[in-house]
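Okay, so chain A shows up in both of these, paired with chain B first and chain C after.
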Partner chain A sequence: MDVPAIGSRAWWILPRVRRGAGVVLYLLVVFGPLLALFAASIRTMAAGDGSLISLLIPTGRRLSLLVNSLTFAGAVAAGGMLLGLGAAIRLWRVKRGVWSSARWLVLLFAAVPPYIHALAWTTAVSFMRSVILPGSGPGIILQGWVGAWWVQVMAFLPLAVGLALIGLESIDPRLLEAGRMQQGDLKVLASVGMPLALPMLLAGGGFLFVLTLLDYSVPALFYVNVYSLDVFAEFSASGRPERALLAAFPLLILAAAVIFFSQRVVRRAAVRPSWSLASWSTPPSWPWWFRAVEGAGVGLLGVQMAVLFAALAAATGSFGALVAGVRAGYQEILFSGAVAVAAGLLCVPLAVSAAAGSAARGPRRRLWWLLITLPLAVPAPLVGVGLISMWNRALPMEVYGTAAMPVLAALARFAPFAALVMVAQFRRLDPRLVEAARLLRPGSLAVGTRIWLPMAAPGLVAAAAVVCALTLGELGATLIVAPPGRATVTMRVYNLLHYGATDQVAGLCLMIALATLAAALVAGVALLFIRRGLSGSELSRPGA
Partner chain B sequence: MTAERMEPVVRVSGLSKSFAVHQRTWGRKRADAPALAGPVRAVDRVSFALGPRERLALLGPSGCGKTTLLRLLAGLEEPDAGEIALMGRVVSRPGAVLPPGHRGLGFVFQEPALWPHMTVAAHVLFGLAGTDKKEARERLTHLLGITGLLGLDGRYPHQLSGGEARRVALARTLAPRPRCLLFDEPLTNLDEEAKAQMLELIDRAAQLSGAALLYVTHDRGETEALGASVMRMEEGRLAPPEQPARREPEATRMTAATDAPDPAGAAGGAPSTPGEGSPSGSVAVAAPAPPQVDSGIAPAPPGSTAPGPGADSDR
Partner chain C sequence: MAFGLNRDGWNEPRVKSPRASGQRVVRGMQVLAMVAIVLLVAAGAVSLAACGGGSDDRMVVVYTSVDQMYSEPILKEFEERTGIKVQAVYDVEATKTVGLANRLISEKDRPLADVFWNGEILETLRLKDEGVLARFESPSGAAISPQFVDPEGYWVGIAGRARVIIVNTDLLSPDEYPVSIYDLLDSRWPADQVGIAYPMFGTTSTHAAALYAYLGEDEARAYFQGLADRGVRVVDGNSVTKDMVAAGQLAFALTDTDDACLAIKDGSPVTVVFPDQLEGGMGTLVIPNTVALINGAPHPEEAQVLIDYLLSEEVERAVMESGWSHLPVRAVAVEQECFDVTGIVSMNVEYELLFDWLEPSRSELSEIFIR
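Up next is the complex of A and B:
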């Protein structure tokens, strides 16, 4: 074999150029909209428009709106995590057979957009009022802050259960067993289990807090004004992107701070090994009241899932109504599908580049973690406004006003999620396996296609499917950047929702929920492959 | 000597435990799948008994079922068949397992399994919940003293060396005065010097506590140093026991004087006599403890969550 001359440097430069291009693309797509907004704001302020500064610090109505939004987000995060923890503790003990994998499917429901839950719960409560409690006056009414809180908590319950379960699963079973040898199981849970899971539980609560703070779809449906809706309103009223950025600044800072403090925990959770032991190999002896709490958590999770489908199916009325709804909105359905598939495919190279960056050592790794997690703090309307600011200009290639805008919006919002999936995949991928192939066939494409690709395939599929599922329900940014005359199915549903829940809307919502779950199922199965690795067989006994 | 004292501390009869083997492939059936699939019997009809203050070592290759047997005894696994009795009471049989914390057993794991959010003192005090505060502090001081951890009580696990962590794990295990100590290869990953120190400490702890000792290892040298009877385990089954090769090795020689200070009322007990094997494949209750075991690490009554003061009734 000929040894290449070191002077040419081609063997050294090409991979770096490839990686560099991926990194630049990730930064451009994910951070570009926000940077464009910052540039526009600085330009405007430099031009002497001092009124913008007053937007930075909320006062009067905006301040009370911010306080309300923070309280609401805190209440949703606390309620969601407490209810989720009850169910998660029960699911934590499920370790045998197919249920040990199936319990993670609860996370699929996290991909269903919150406004669909709003429709389902409104329908369910109306039904209960009219059928179960006829003639009892107003009875149960889902409205205002309480209605918005309940629906938001229910919408986030699967995510809360999943996050709590990840926290509990991160506890080394040996530490619990050491405690179990000396004390009762509840004491062990309280003194050993909970303190060890607490960082992840807090990080999960922080994530729910941020998601609630940035989402306006549910509060708006219950006629409750929140700060993120005000950002959207600011842009609609003024038409100036820089005003939207400065109005959103308090939200950005708060959400970024929460993510900054919780991302360390998330980073650690991604590298936890899967324990060879079960956490509760013999059933714990909980007191009756604790079993009741566990049961209530699982029951509520079941009710949440049942209401989603039963209420929507009941509101749709018949299969004919579903078909009619699909026919009426088939253009939007096709457009949504195309946007979701395009975003799912295009996110993969971006996610791979970002995840590869996070595999670096030292400060670069920490920087990459921030680059992956901080975009989660950007409100959806701001992404849309930023994209307009970025692309609404004379360019050789027409982007603004085309179907590329919703795809770019989805990429800017969800590529970081795909990157997180790829980070988890890379942690499970032994670099020595690729290095061994490189030594045998240096520079060969086969190293990538025959060694790396099969091993990374679950991650690639999961990343694409996660983005596809989330894009199917995306609303906040798409609403702003959708090209004239085109709309996604979520836009159609959201617009119709304000005029009452007709059977067609319910049918479309049912369809979105099912499509989202299908995409999430693909992601879930791929993620299970990542979690288990590709080992041929594994003895499930605890190290005899 | 009471009748209860004559009961074997541990009696295991016909104990079996199987585990399923999971095939994980890319949806293709492996050619060797039939050979690997199906349950693997980790423990196969095992019977033996362990008397008070008796020392028994389980020797065998990796994967022969030693750890599973210990976990079954501890109540961390449920048996498929057979039963386990502690002090004459059945605590495990298929479908019914007394929770581990109610058995009055101590388990020293292969890894120290220290709780990262707790100090050394908190580890030792964890098993003393319900004990009088003053008494618990005295016991803490005593246990830190005999394990050479005095002055380290405020440290967290990440501030300890490997050897110190093992000693904390041992002190934690001894705190509730278990009637039987289970050791699962406790010297793994220690250097020779730390191994010798730890062996000395285990020997001393067993003497002081008067607890029976069941010790799992690969290393025959460790069993000799502890003067334990040896049972070999292969493919889940017990081979007939062997006599202890040696007692009181250099590393484990103790004097009553060195053990003496025991603020909790503990004092050096008489050296235990190792059990003698019986030809039936079970270890007979051969060496009951002296009538007055003044160890300070007396066994707890079965069924109590934390041994507490009541556990010291024979002091």
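Up next is the complex of A and C:
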């Protein structure tokens, strides 16, 4: 809450103006495309096209597709969280030195786009088959529901491990210790730890569920029909975005509902401040089979990471091929980098505004949470088409058709992720520090730069890095609004896929994966460095 | 007097203490971070500005669904000859559902594009129907067969592709090769050894519309329903069917000549069968490329120069030699690397009639294949 500065009316008004402008900008950038599309739909319906209404409620074939999608998304969410939990329980105990922070690096792999995982696993399975069953012919192994499920689960495994780890870290260690006085470790974990972590685990599962529900790229690669594919078949057949929007309505509602119920848990998960504290005062004593489950979880995570790089490196063939692929696509790489950096930086003020709004109380708080999480349920191509509706008009400064459009697409899709990061960061700040500083230095810029900025810096860097990494892999919206004469490296990959240039595709995918990981790694190291730098002051201690 | 934080409280003059060095580190990092951010913003702004393409005095914007590998060299050659900068937007197979035609319709009121160079014809007809195209004339089109020139002047065709059956020669001997699209229904070949791309998208949807127009609605529906009921592999695009046949995962599949040609050039164990060539057969569908002018094109003069170039005999030769197209729309003799198209019987259909079947067939096939 702002404190009016004595004798400085402007300084009382300015933060409100600034915050209001930030909120308007967030709503404009994130919700503008969707609202433009809604407006077009309403205009069409008002013009008398009543057939659109029937798209809202799936029946018959579309209903059974929706059931397919829900089953598939549920299976991926359940499988991902179960496998992720196995690895997370082992990582939960790692609390020593740099490893305590390093275990979170597993989340970096969550930024690698799913189609790259699909390529890596297809290559790996073909290779394994040729080694295990030489001369057995090519055949098809990784296909259908099982293939799609496996690749989707593997693509989400790093995220699932991270989410499960957050859930486990939210358990108060004192409760575990109290339980250990009475019961064995496994019993304590089952009867004390798991019930406490369950809400966050379910919320994590809900997040995976939504991501799976909205994506058709991996299922389509493995010949699995899902509802989101039908939505875009509708768009393809009619060429009318409003029909696609209305056909997507059941998905939007389902995804929004899951996100809404999940976020109530996520809101609380960010509160626990002392994640560096030991969860177990002494190493827990597990039975052999439970240690095996733990080991299998961590092993699977290792295999997933190894497959990603080994399969792509093998398919690339040689270092020369990698260099040739990168050289051929350097313009797209530069453009992708510029868009990702611009989106990463511009998302910060939007995220700060949205996160600050979520700190309100009562119904406004719930409304803000909905505004932050709801955009996560919007399919990418709809964002692209909405951006055209919104920006392709006469404006004082031409925006449509310029390189600003891919940046706007990335912001519309990923600013909510940045806002979630900032919400978590703000939870760790003590507002009394800023208020006290304002009382002492009313109107001083130093309050912002010397008090607020250092405290918020980890979140700011992480938010920018998350958006930067996600933007590098974005395709669905960028493709629809890319300016003439420019393409991103992801677009190039898809073009090459069509030609069957597997070595170049693998080389570029390897490069994208490495660049994404590098961006996320730099951010991770920066966060650690900043925290270490701050450890000299009381600022690093929440609630100090 | 400066105030700062220390262990004990607030509002005290800053004094040197062990904490002070830590604060200096923090402050130094803040400065470094600010400098880094300013540099990054500047770099980003410069990069993005450079991406804008600069002056548009002599510029033409072309949207093309012709694969970038084939279209880019032709557009670069045009740039070198005319000095007109070409800004291209290429289609991507992954976006078959939200391709360039849909983007052009979305941009209809304020078009960015000047020219649409389409790798097929039905989307061009859809754009004409939506009022996205403008009439034009080109001297380069004079020698083109009238079948490939719109009588109303909205589009002109150039060398086309044909629908073919690509066959894995390791899995099938010549006497086992299929000869008709109806062989995809024949139980002599196991269903999981036979493939097509989703018939709601891309050139497979053009082929489907052609079958609806040629065979009639009932027979065409029965054909596709038969494919679905039999359980043939329905995959994500013609390039995927080609890859699967080349890898031996399928014995044969329907695809386009350009995809088949790629597999042949790669040395894969494949050959091509032009379907339904026997006497009385319906022939194979030939899908011409089409070139069109966008209504309200921002650079109409440059667009006309590009259209004249794209419709020239020289470009038709180039696209055929590159392997993108194989069936010319005028009397052009080109030695082709992949297969001989002499005497190929093409399906006798009117493209405008096919267009009438495009949306109904896509809707019906979505019902059949996405379930």
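Criterion: the second predicted complex is superposed on the first by the 490 of 544 C-alpha atoms of A that agree within 3 Å, B and C clash if a C-alpha of one lies under 4 Å from a C-alpha of the other, contacts with A are read in each partner's own complex, and residues count from 1 in each chain.
Definition applied: a contact is a pair of C-beta atoms (placed from the backbone, for glycine too) under 8 Å apart; a residue touches a chain by one contact, two chains touch by 3 or more.
As the structure is a prediction and not an experimental result, all values here were calculated from the model.
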Touched partner set for A:483, first chain B, second chain C, both or neither: second
Chain B versus chain C as contact partner of A:185, first or second or both or neither: first
Contacts of A:175 with chain B and chain C, given as first, second, both or neither: first
First (chain B), second (chain C), both or neither touched by A:363: neither
First (chain B), second (chain C), both or neither touched by A:396: neither
Chain A residues touched - chain C or chain B, whichever exceeds: C
Common interface residues of chain A - those touching chain B in one complex and chain C in the other: 533-539
Residue ranges of chain C touching chain A (in the complex, touch as defined): 3-5, 7, 10-11, 19, 21-23, 25-27, 29-30, 33, 37, 40-41, 43-45, 47-49, 51-53, 61-63, 67-69, 86-90, 92-99, 101-103, 105-107, 109-110, 112-113, 126, 130, 192, 198, 200-201, 205, 233-237, 239, 242-243, 246-249, 262-263, 266, 359, 362-363, 366-367, 369-371
Partner chain A, residues of chain B touching it in the complex: 19-26, 30, 36, 40, 42, 62-68, 71, 74-78, 97, 99-102, 105-107, 109, 111, 113-117, 126-127, 129, 169, 172-173, 175-176, 236, 305-306
Contact footprint of chain B on chain A as seen in their complex: 172, 174-175, 177-185, 187-188, 191-192, 195-196, 281-285, 532-544
Of chain A, residues touching chain C in the complex: 61, 64-65, 137-140, 217, 220-221, 223, 225, 229-230, 232-239, 241, 334-335, 337-339, 341-342, 345, 381, 384-385, 388-389, 392-394, 400-404, 407, 436-437, 440-441, 449-451, 453-454, 457, 475, 479-480, 482-487, 491, 494-495, 497-500, 529-530, 533-539
